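First subunit A sits with subunit B, and in the next complex the same chain sits with subunit C.
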Partner chain A sequence: MSTAFSEEQRDCLQELINVAMGLASDKLARFLNTFVHLQVPAIELVNSVQIPAQFEARYSHTEAALISQGFLGNDGLRGEAIVLYQLDNAHRIAALLGYDTDSASELEMLTDISSILTTTFLNGLADQIDNSLSYSAPRVLSSRQNNVPEALQETAVHWELALKVDISYQLVDHSFNCDMLLLIPGEAVLNIQQILDRILEEY
Partner chain B sequence: MALPVLICDDSLLARKQVRKSLPESFDAEFLTAGNGVEALAILRSQEIGLVFLDLTMPELDGIGVLEAIKQDGLDCFVIVISADIQPEMQKRVTELGALAFIHKPVNPEKLVVILKQYGLI
Partner chain C sequence: MSEDWLTGPVLEQLNSGVLVVDEQFQLVYLNSFLQRHSCVQLSEVKGKSLFQVFNDLPEAWLRRKFASVLELQSPSFSSWEQRQYIIKLPHLRPATSSSQYMAQNCTMLPLKDPGGRLYVCLLIEDATDAFVYQQHLQSTLQKLELSNRIDGLTQALNRRYWEEQLKLEVQRAQRYKQPLSLLLFDLDKFKQLNDQYGHLGGDSVLIELTARVRALLRDTDWFGRYGGEEFGIVLTNTGLAGAIEVAERIRLAVSNTAVTFHEQSIPTSVSIGAAQLYIEGDRAHEVLIGQADIALYNAKREGRNRVVAFSEGETEFLLRTQQA
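Right, the complex of A and B next:
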């Protein structure tokens, strides 16, 4: 985690994210009709210029899909959530869910999953900080993408900061990995710090 | 007499949230643990009447703690307070002997209902 947060603020943000992720996992489990092992998501705040390089290693030898959804709330809360998927195991999940296994159906499935993850996660986060969000429709930034850093570069350039939320789901019989990136404007750090301090003051 | 209560969660905020959700009339002496290993060390060395237990934790998770409590025959009530709210998980912790399963963030009214139900307040 960046030095932008104190240890107490980091703990607070992590707990807010854990709770939101628990809600998203439950929704995903119901959608996939299976049990998902929930791990504590690793979170990190980074400058968005660093983002492409950070994902280079993980996505360099695999096809990936990137799906984006914008969000907007009260008090200037806004950003863009990007979910990245490795397509290796998407075929199996698509078959499991009864989607056709052609690439268009696979993308439809990933768009559905992104929408569930993003909106449930962000609503869970917003609820805890007494905010409420609206969303744009999920948008496929790229599919069958062999150059993830480049695709990320094009989007990340519009924002100064990114909150990385590293999500790894283990389904009962399948592994399912994705990364969520919350791209946010630079001034958001101050906002987030104030929100965290307000919560910390309550306890 | 004050009830010895252990609050086990890796998050400081979550531990404080539990503490703050309890009514003032709840006469307890509080201990805290940041993971399952710490919790078991406390549970094995002293009498604890009630444990508030998180599930997703480093070192040893809440399921591991429940299994150890059962295996060692430790005599304490356990209320699970978790962000992992899948029905399957609720079933597992109940089967392992937890009294109740509360979703995070903890709702003080629900907590009071459960504590009353088991005669803890």
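Right, the complex of A and C next:
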């Protein structure tokens, strides 16, 4: 099974993701009533074995949260979206979302934020390829005391390929950075390649 | 579609709650599951505000969730682990669950009718079973944690846990410049006692001894079984004089009354070594154990059934025996 993407496939995917990110930032801006600037996300296809090492440096010395949400669409499109962020970042966006510390637990706040980020972005991606997605409830894989690279390792081992999407949300008064990882199992990678090839043929 | 007839019956018989509100949060639909559990008839509440019909909802929170579903046209979720329930409903395990209300996993989905009007669908799944299992797991873990600290025979702390506490108390005493003392004591002639009365006899003496000692201690003292018939007590905020006093009371409590086992009277006594913490540094707790052990050894050598305190000059003896 070849999980390598051709250059055309890769470019096509980057383009789809750019548009999805644009749609997501537009929605978020209207929802949050503030200007949201999203940088063009850098995407990278990585072997899932390499993932923990890549994040170790960024997340091992800070309080970080790791939230997972499964997604499932037509044509065998499926995977797991992981959102990683540093907790002090999370508090900034929580204030924007109208959370005060007593009304909701920290975990609830974390899952809400990552669910909003994940579903707005992935819905935008699905729209472009005439697909639609359903989602599982978001789950906290690790937060605070737990070791993020370790938790990632446990998750990543089940997946063939990971699409690493670096997302940086820039809000007017706040900056908020997080990493999104789309972990995709082997046969779903083949399905995605077929979807990409179909789009490329249409051009 | 020819399968249209399916939707109604399935929706009505679904073992999950389905509730739909419009953009003004007015009730549009409730399935049977919710009508039955909440004793509300759809015909009576249709068109009314959700928050009037269910007046103990977390309103501000739910408005925010619904607003995000409508605005972003993407689903939102709520887990029983973070919020046990959204709508207070009875569950179907009234006899076997300790919780009063149904634990709920909820999904909020965006809906659009053919006319383009927007709605939010609230799906409520009963997670009471998971909630109950989680509670069992937690209480089991608590018991396990306790049994992990306790010596099964005597119910005193086990050696590993006791030593951890000693180490912590030594650090605390050093930090706050408070006195701390250690008693190590040993049941006299335990081997002989086992030979004479059998191991069950020996065991019952250990159990009785532990109970008598515990009755003499404060809540803040740490009492553990150090070895077979050897015990240790960490006396917090106690100097050597106080420690000797406690030790003397323990010695008398043991030697004054014989232990009764199978209608036999077993006379026993203990030898006790006492030492106060004076050393600084990371290994202070080990040194303290060593000093109390020397004092205990001297109590044995001097004829048993007595309390001996460690005195400074004996450090050399310790060093000598270690080198030998």
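We adopt the following convention: the second predicted complex is superposed on the first by the 182 of 203 C-alpha atoms of A that agree within 3 Å, B and C clash if a C-alpha of one lies under 4 Å from a C-alpha of the other, contacts with A are read in each partner's own complex, and residues count from 1 in each chain.
Quick note on the criterion: a contact is a pair of C-beta atoms (placed from the backbone, for glycine too) under 8 Å apart; a residue touches a chain by one contact, two chains touch by 3 or more.
It should be emphasised that the depicted structure is a prediction, and the values quoted were computed from it without experimental measurement.
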| item | value |
| --- | --- |
| Partner chain(s) touched by A:Phe31 [first = subunit B, second = subunit C, both, neither] | second |
| Which superposed partner A:Asn191 touches (first subunit B, second subunit C, both, neither) | neither |
| Which of subunit B and subunit C A:Cys12 touches, first, second, both or neither | first |
| Subunit B versus subunit C as contact partner of A:Gln128, first or second or both or neither | first |
| Residues of subunit A touching subunit C in the complex | 27-28, 30-31, 97-98, 103-105, 107-108, 111-112, 115-116, 119-120, 123, 134-135, 137-139 |
| Residues on subunit B engaged by subunit A in the complex (per definition of touch) | 10-14, 16-17, 20, 56-58, 82-86, 88-89, 103-105 |
| Subunit B contact footprint on subunit A (complex, rising order) | 8, 11-12, 14-15, 18-19, 21-23, 25-26, 29, 35-36, 38-40, 128, 199-200, 202-203 |
| Residue ranges of subunit C in contact with subunit A within the complex | 60-61, 64-65, 67-68, 71-79, 81-83, 105, 107 |
